[in-house]
Amino acid sequence: MSHHKLEARNLSYAYPDGQEALKNLSFTVTHGEAVGLIGANGAGKSTVLALLMGLLFPSEGQALLADVAITKKTLPLVRQSLGLVMQNPDDQLFMTSVYDDVAFGPRNYQLTESEVAARVAGALDLVGIPHLRDRAPYRLSVGEKRCAAIAAVLSMQPDILLMDEPTAGLDPQARRRIMNLLNSFSHTKIITSHDLDMVWTVCRRVILLKGGTVAADGPAEEILTDARLLESCGLELPLSLQNCPSGQAR
Amino acid sequence: MRKESHYIDNLRLLELLARQKSVIHQMNPLVKLLTTVIYVTVVISFERYEFSALLPLLFYPALVLAFSGTPVAPILKRVLLAQVFVIGIGIWNPFFDTYPVMFGGLSVSRGWLSFLSLILKSILAVTALFLLIATTGMERTAQALRMLKIPKIFVLQLLLTYRYITVLLEEAARMTRAYALRAPRQKGIHRSAWGSFLGQLLLRTVDRGERVHEAMLLRGFTGEYHTGAAAGAGLRDWAYLAGWGLFFILVRAYNLPVWLGTLLTGAMIK
Amino acid sequence: MHMADALISPAVGGTMLLASAGVAAYAVKKIQNEMDDKKIPLMGVMGAFVFAAQMINFSIPATGSSGHIGGGLLLAILLGPQAGFLTIAAVLLIQALFFGDGGLLAYGCNVFNLGFFTCFMAYPFIYKTMTRKGYTAGGIFTASLVAAIVGLQLGAFGVVLETLLSGRTELPFGTFVLLMQPIHLAIGIVEGLVTAAVVTYVWKVRPEILERASLQAPLGRIQLKQVLTGLLMAAVLVGGGLSWFASAYPDGLEWSMERTAGTAELEAEGGIYQALADFQEKTAFLPDYGFRVAESVTGEAEPEEAWPAVSAGTSVAGLVGGAMTLALAALTGLLVSSFKKRRESAAV
């Protein structure tokens, strides 16, 4: 049994006002996969992430990690193996220095201060920002903030990384750096994004959502090159593929 | 909008200064906080007509400025800006206390003396506070508060507030700019938009609070705030505290400038 | 209306610090009992919100001017009294440290004036009572307005009392009150109007936020009594401990008591106007004033010898010595920093 197996089983979720966000949604992600979770605004991407992380609980169905249902009881364990990088780093980096922020998680798991220091140093090295350790998060550039937010999750040493729009608002070079970083991770990854070129570069598999259900689930080569399918779900072909329908631009 | 940039400038400057390295910066934050508390207490313990006796207390900011490499001008500017309320209250002294006294051969109203004393005290106290934060920074000040056994809830919330000031100031500035662009001849927000303008900022803040809470939960937060272990105070730190403490008490107990002056003028007469 | 360090005496500052610490300890305990860890980040960002809110200018109808809000009442309404109080305390600490608004020893005064009166007096006894039967637009309006005004009036009166007890200024009680209360009436009205507008908006758009805040355990009478008893005991304790200080320096606490009593008489005679008129008469010709004073000093200086350091002899010595001290302090600082710079450049 792998800790890396993450499953959504017949998930449904309705907001308190009755609006249905997810309808009977199922998929399984296994060890080492890099999955792009795509869909138009309001398709339910963020809700899926929230359900997987146990921030919300489904009205029907189950989210399972390693075949164990994600419930209030199993949350502490679940959150040790799942790391979510939020869309807005300003929400995620709430401490006054990068170091304290990256150390926040390990400290909550009662590690000794020397272990914490090792974890922080390791995480900052991994994302390439050891020089920013004493800086205030709000004084960083958007790209640096994103790196710091990823480091804050990596320091918890999760098995699976969930990322909400990791390239939003980045300039081209910063975006490229984040993409290289993501490719260098051996973690199981689930990435939501509208940046289909990034998904094309980073993810082998794509799950396409439409109106709270799975519209398609398969290899990126198939889904991201299917202009008609993408259009019916409110998306477009990745820019790099728009003039080469055969999809050989990769 | 001036106020906003004043806020942001102050935060940025003091943060930048606190990141410098010097003997003073390396001192234990609790020791620095305690030194500042003793200093301010001594400063404000002087009676209303004391002026010359206060002057030796200038040695403290002068030396801290010098040893920490903190630039004088920006600190002084901010210290003076902070005097408005004190001047507003103190300026009445010369009006109500017109009893004449001889001061160095000139006769002045005693109210001026107490006014000057008040302003000097205020300048010394505010300078000491700015110097504390300029050589310590917010995080290490928060560590000092933890060492004083201030409850973790308060310290964590203090740090969170501090962290989000810049974010929210910028958000408010963007909103104000957007409003002003569409209402060019208005001074401030019109009454019809009071509720929705500030209310929207408020709702976004509440939502942000929830997202921050989620971010904390995801990293194992259970209501308990774990700070890193701060380095304890060493011999040098305590010596610093004791040294300044003794000096402050000496200044409080004896009017050193009068001694010095008597010595000098006495010598001159002879 | 932040109290500054220089305006208070150590006795007043210390007492108020203890009083505020007592209230804060009670608030922390209450919040911990609530066991709602969601509140901590909310308090954090709401504190930051207050900074942002204070910077926004609201145009005041029919005056051509604009004002801003303090945000204390708004915090109490949205977070409840305990969390609201702690949030104000955090805001005030940052204002003191980073902006020179307030001070270290005056911190207790400020927390009490701006936090306690709003969160534990105006909010429970006025706002809560007036909105007890549920929210209506009119109810929110009146309750916010009255609570903001009362809270700020109490706070302003706190400033007056603390200043007078400290004996650092010459402002007579009556003048000071006449100066402070009307200004804070205006400030309170703006505060109340904007608070009402915001609360009404939130109530219409997201009523659950207000409900959540008012769901917490109400501030019962017994608890308030406990708080007040605690405060009283703290005050007595501090007062007792500091009476040594007061008697060792007779012109401290006791002096200011006398002074206040004395000015009450002055009030009866015509108060501020008389005093101002006197002053004007005396200062009509400054040279004349100086001359007259010089004459009168010789006759009157003797009985006033008790005042510190005002006799001609010591004041010359004080001036010379003071100037020397000033020069020495500046010189030492300059020497140290130039020495430091030289060493640093040598190291590079």
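Observations on the structure shown:
Read from first to last, the chains carry the letters A, B and C; within each, the first residue is number 1.
We adopt the following convention: a residue touches a chain if its C-beta (ideal position, glycine included) is under 8 Å from a C-beta of that chain, and two chains touch if they have at least 3 such contacts.
Bear in mind that the values here come from a model prediction, so they are computed numbers and not experimental data.
The most distant chain from chain B is A, comparing centres defined as mean Cα coordinates. Here the chain pair with the top count of touching C-beta pairs is B-C.
Per-chain CA centroids place chain A at a distance of 43 Å from chain B. Centre-to-centre separation of chain B and chain C, using mean CA positions: 15 Å. Centre-to-centre spacing of chain A and chain C amounts to 49 Å, using the average Cα coordinate of each chain. Among all residues of chain C, those that touch two or more other chains are 41, 44. Annotation for chain B: residues touching 2 or more other chains are 138, 159-160, 162-164, 167, 208, 212, 216, 221-222.
In chain A, 94 are the positions where the chain touches two or more neighbouring chains simultaneously. Put simply, chain C touches chain B in their complex at residues 1-2, 4-10, 13, 24-25, 28, 31-32, 35, 37-38, 40-49, 51-61, 64-67, 69, 74, 78, 86-87, 89-91, 93-94, 96-101, 103-105, 163, 167-172, 175, 193-194, 196-198, 200-202, 205-206, 209, 249, 251-252, 275-276, 278-279, 282-283, 290, 293-294, 296-297, 301, 304, 307-312, 314-322, 324-326, 328-330, 332-337, 340.
Taken in their complex, chain A has these residues touching chain B: 53, 55, 76, 79-80, 83-84, 86, 88, 90-92, 94-97, 100, 103-105, 107-110, 113, 116, 134, 136-139, 152-153, 156.
Remark: chain B residues 12, 15, 19, 138-139, 142, 159-160, 162-164, 166-167, 208, 211-212, 214-222, 224, 226-229 touch chain A in the complex.
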